[in-house]
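Here come two complexes built around subunit A, the first alongside subunit B, the second alongside subunit C.
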Partner chain A sequence: MSRQLGFYFNADICIGCKACQIACKDKNHLPMGVLWRRVVNYGGGSWVQSGDIMIPQNVFGYFLSISCNHCEDAPCLHNCPTGAISKNEDGIVLIDDDVCIGCRYCSWVCPYGAPQFNEDDGVMTKCNFCYDLQAEGKNPACVDACPLRAIEFGEIEELRAKHGDVVEIEPLPKREITSPALVIHPHRHAQATGQGTGHILDMEGEI
Partner chain B sequence: MHPDVIRNFANQLASIKPTSIYAGQSTTKFPAGEQFAQVFFTVGWMTGNVGKPGANVSWIGPEPNFTAPLVTAGKYGDTVPVNPVYPDMIVFCADINTQRDWDCLEYSEAWQSIVDGEYGRDVWPGGKRPIDIRMIYHGHGHFLNSMPNAKAGIEAHRKVDFVMASCLNYNTNAHYADLVFPISTLWERHGQVFTDNREHVLWWQQVMEPLFESRADIDVAYGLAERLGLDPDEIYGNSWEQKAYNTLAGTQVIKRDGSGYEPLVTITAQDIKDMGVEGEPQKGRITIEEFREKGIYKVPREADDALMHIAHAAFIADPEANPVATSTGKFEIYCPTLAAMVNQYGFSTIYPIGKYQEAEPDQGYHARTEEYPLILFTPHSLRRAHTNLDNVPALREAFPQECFMSVVDAEARGLKTDDVVLMSSPHGKVIRRVKVLPGMVPGAVALEDGAWIDIDNETGIDRSGNPNILQAPRASGQGVQCWTGTLLQVEKYDGDLVADYKRPAREIRFAKDSD
Partner chain C sequence: MHTETWALVTFTILAQTSVGSFIALGVAHYFAVRKSGIEQADKLSDRALLPIGGLLVLGMIASLLHLGQPMYAYRAILNFGNSWLSREIGFGVMFAATGAAFAFLQWRKLSTANVRNAVAVLAAFVGCALVFSMSQVYMTAEAQEGWTTVATPISFFATTVLLGTLALAVAFMINYWIIQRREGPECQAQQCDLLRGAIKWLAVTAIVVLGVELVVSSLQSAYVVSIEDHANLDFLGEYGVLFGVRLALAFVGAGIFGLFMYQASQRPGREKLMAAFAFSAFAFILVAEVLGRVLFYATEIHIGL
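Entry: the complex of A and B
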């Protein structure tokens, strides 16, 4: 493989507006229930009574905008019984519509929830890194939609050189599972994977 | 609020000069909210943050936004007819000595007033006034969805003889109207120049023909005038081309020295001929081609240019020579004129000096009861702009219009995220799914404004989660709308609620689209 494209996400400036998610949905004509990019709200904490007032205790919250991470060790690819999933020369993980039988094995094994079933077409779908836009020299839709410029993309080694190599932030899984092509600038209240005191705050169907 | 937060704010305000202090309008949208504005200004004045570069105290926004614009679009040039009943526009509470002022219907209580057939207060000259409204014409906006006590609003719509609504889409106004006029969007109309804010003007262009039978508002009014036996050409005689030209030719930009205005656009005799309109050539700063291409003109600014505006600078520099418009000529921390003006309306009573005040017996922290122990506040939703775009399924999926509740209040009620809850106030009920947020202050519940009302006619419960179903018809002070402070209860609801995005969008479906 010559190249491995990846995403960089700056959680410290994300405001959770979901413009990336909506731009992705719009550009890729995704039906309801299918989100190739999802903005996850993670938080926790409690309140204690002190006299007449309630005082927050370790209350925190932050957002992560997550799509397919085009993992170097992609379990979706390894577990696809029909060989419909492959990596292209840019390291982009792609699903071949003509080969996919919609068995959903890939969605079961992906710890990021990236592959999603399109009921209309009966096939699995996922982020294709807007390779069509990239071929025209344009940015992926999510990158351009972010009003905070919190999402970047590029050669993953260059992103790591520029932004560090953090990827294990709650509620994301351990790196070793898939080796994701993702770099995160953690939110100032971020909690490390496995050491989180909070939980995902989103509702069913929201992510 | 924790005392340390207040101390920290006080320390910052005392030590950082100059400071600009902004609050946002919602800080005053509760009973006797004028008191907050008065306190806010007092703190700003006492800390010297007024009349100097970098200093500003405003609860509503940057002071320069309320000064003269730097550029404005021209008008259509149509004849604006004089209202035979009210020759001048009237503004509620504009002039306390004018009898006419009392003719205004107060916004928060309007629906209830129409239902009751009377409005006002006993203390008004002549007491409460009878009112007999027979027709509601929604010319624009989304008032039935956007005003408090919406259940009374629906009742008012059913009470009157006739309701018509001009709408871009099938919104709540349309749903309760007898007659709906589908209105075209700006993308479907002849382009024109318009004022966006005080520093720039935009020139939009038509990109598509109107969908189906929709028309521009003015074209609807034109057709109505014809059918009512009026001569629409007396008012709307200009063609769309001429209207658009007038907005262009009439666009004025401030001179660089700030001494007055001059035309923005250079227009030649050939331009006028090409556009097929009547007009005179004029000299301006930019050509028609440049403006059309860019679609925007923004007044160039430089540091220390002549267009800088510092509010109250003259008064601060020389208070004797430049008094402000109060009885003493000074900023009045203690202002009996203000209190008298507000109190005469009989909605509530405020002190002449800003202080914390429990204004209403049925609203706010101190009015909580066992039946209604929680306080409602209504932030804006990222799903929509006020009520616009609430009909877009992808946005409905992203932002579920949830009932935001604190961890403490949810635990006390045995609620967890995704549970269906009934939210009740003395004025109405809505059902939603609850989202438990650690960041929510215990005792407060948030429901975002603008969801399109969807009443279940069997139960009378609103399924959309529109907070105006819960809001009190509560006029306060000078006509403040008390959006914050309505009391409510939230409890588990024994019933299902299909997610908004899984329900059909409320839109007109034509036969040819139904395949």
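Entry: the complex of A and C
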């Protein structure tokens, strides 16, 4: 079987500082509105008033740091009309911006919001797993930036053997849609996909 | 709504109208030949081929506006084997090519009628493949909860038939005027008969398909309301009025004016009335279908992130 790199993310220790998001944006020179890695804040619950005090009712919240998951069954790759999207020998899903015509269809079919349109260049862009840094033996920018060491990367089967195989956490979609190369250590208050009671709490334009 | 979305609304509506009227024209021509012979049938239908091609070309130009790199649009056919979007564009180009080939043969009366018919039938099948591919672009996008239902292909084909038949009715009326202006109001008995027969059946088709469309779009909007909770969408709150207006316009266009067209076609001497009803029916349905498509794109309900 060919190699398949993936990410591991520990939601239980993530504090939502967005250092990964910013390190990614900085390293890859991303323009306004484009974030290859995004920190999503998912939460819910409410408060009820009892006399002078407010009592929390199932209030919860957690963060997920999500980039492209370099899916094993990547819908962006199959659906791209130009064939600009391919997988390399490490299983990294890449967009060839010399071939992309900027039709944005990949952003419609990706349930992780990974492919994003670059207005300046008129093409789609996405996380390339910092393959250039990896070629120099370095880690992806997001991995090194995390002060909590919540992001790891490596051969996905090794990550699964080490950290388990959880990936269906709200607000992420069902695994079966794309078979993402992603392993999540769920937050202690995490809700399973399809059984969520919360919402994405980030402001519009924030992610 | 973004410019890109308007580009897609324009492209899908125009291309579907083009396919629908091409097929309706073929059917009308077939029955016209059986009724009055090939010469009269050609006289009824030949002129309509030009606007049908024009609609498709306009639609394809509009589709370029949603691209980041419109100059390289030809690359969109490179992944024909895997991508429905690629097939959509591929079949669009093939429909344009086969349709143009047929129009050229038909106008110049080249080759035999049988060969021309074969080319037309091929173009009609390619046109159907185009509309089907268009619907699959949305229906197979698993990350889109609002589009992955069978309502997508049904409503795309309903639009194709409704706009196709009523646009063709308008084209036939204009063609009849042109013939009258050129050849005088007399001796048009045969053309008038063919025209009345065509308008009658175009109206009946539109009325039947209107029924399908009203049922499917109502069920689809009920489905959207049922899933909108987690999508930060308030479909009826935001678009309820638009949805109601759309249904009403479609009903008046294909239902009421369609019925009037049918009535007016029953006896000769009512061509002006027939024209007025055909134009009205088309105008109402055009606005209704554009609104319907705008609503379709508004129900882009992305699962996940």
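Operating definition for what follows: the second predicted complex is superposed on the first by the 206 of 207 C-alpha atoms of A that agree within 3 Å, B and C clash if a C-alpha of one lies under 4 Å from a C-alpha of the other, contacts with A are read in each partner's own complex, and residues count from 1 in each chain.
Rule of thumb we're sticking to: a residue touches a chain if its C-beta (ideal position, glycine included) is under 8 Å from a C-beta of that chain, and two chains touch if they have at least 3 such contacts.
Please read these numbers as outputs of a predicted model, since none were measured by experiment.
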For the overlay on subunit A, clash or fit between subunit B and subunit C?
fit
Could you look at A:P173 and tell me whether it touches subunit B, subunit C, both or neither (first, second, both, neither)?
second
First (subunit B), second (subunit C), both or neither: which does A:G91 touch?
neither
The chain contacting more residues of subunit A, comparing subunit B with subunit C, is C
Looking at A:V109, would you say it contacts subunit B, subunit C, both, or neither? Reply first, second, both or neither.
second
May I ask you to decide whether A:G6 touches subunit B, subunit C, both, or neither, giving the answer as first, second, both or neither?
neither
For A:P140, using the defined touch cut-off, is the partner it touches subunit B, subunit C, both, or neither? Pick first, second, both or neither.
neither
In the superposed arrangement, which partner chain does A:I101 touch: subunit B (first), subunit C (second), both, or neither?
second
On the overlay, how many Å separate the closest CA atoms of subunit B and subunit C?
11
Partner subunit A, residues of subunit C touching it in the complex:
4, 66-70, 72-73, 75-79, 82-86, 89, 137, 140-144, 230, 232, 300, 302-305
Subunit C partner contacts - residues on subunit A that touch it in the complex
38, 40, 66, 75, 78-84, 99-105, 108-113, 117-118, 121-124, 171-173, 177, 196, 199-200, 207
How about subunit A: which of its residues touch subunit B in the complex?
17-18, 21-22, 25-26, 32-33, 35, 39, 43-47, 53-56, 59-61, 198, 201, 203-206
Okay, in this complex, where on subunit B does subunit A touch?
1-2, 382, 393-395, 397-400, 402, 406-408, 417-418, 433, 435-439, 441-443, 499, 501-502
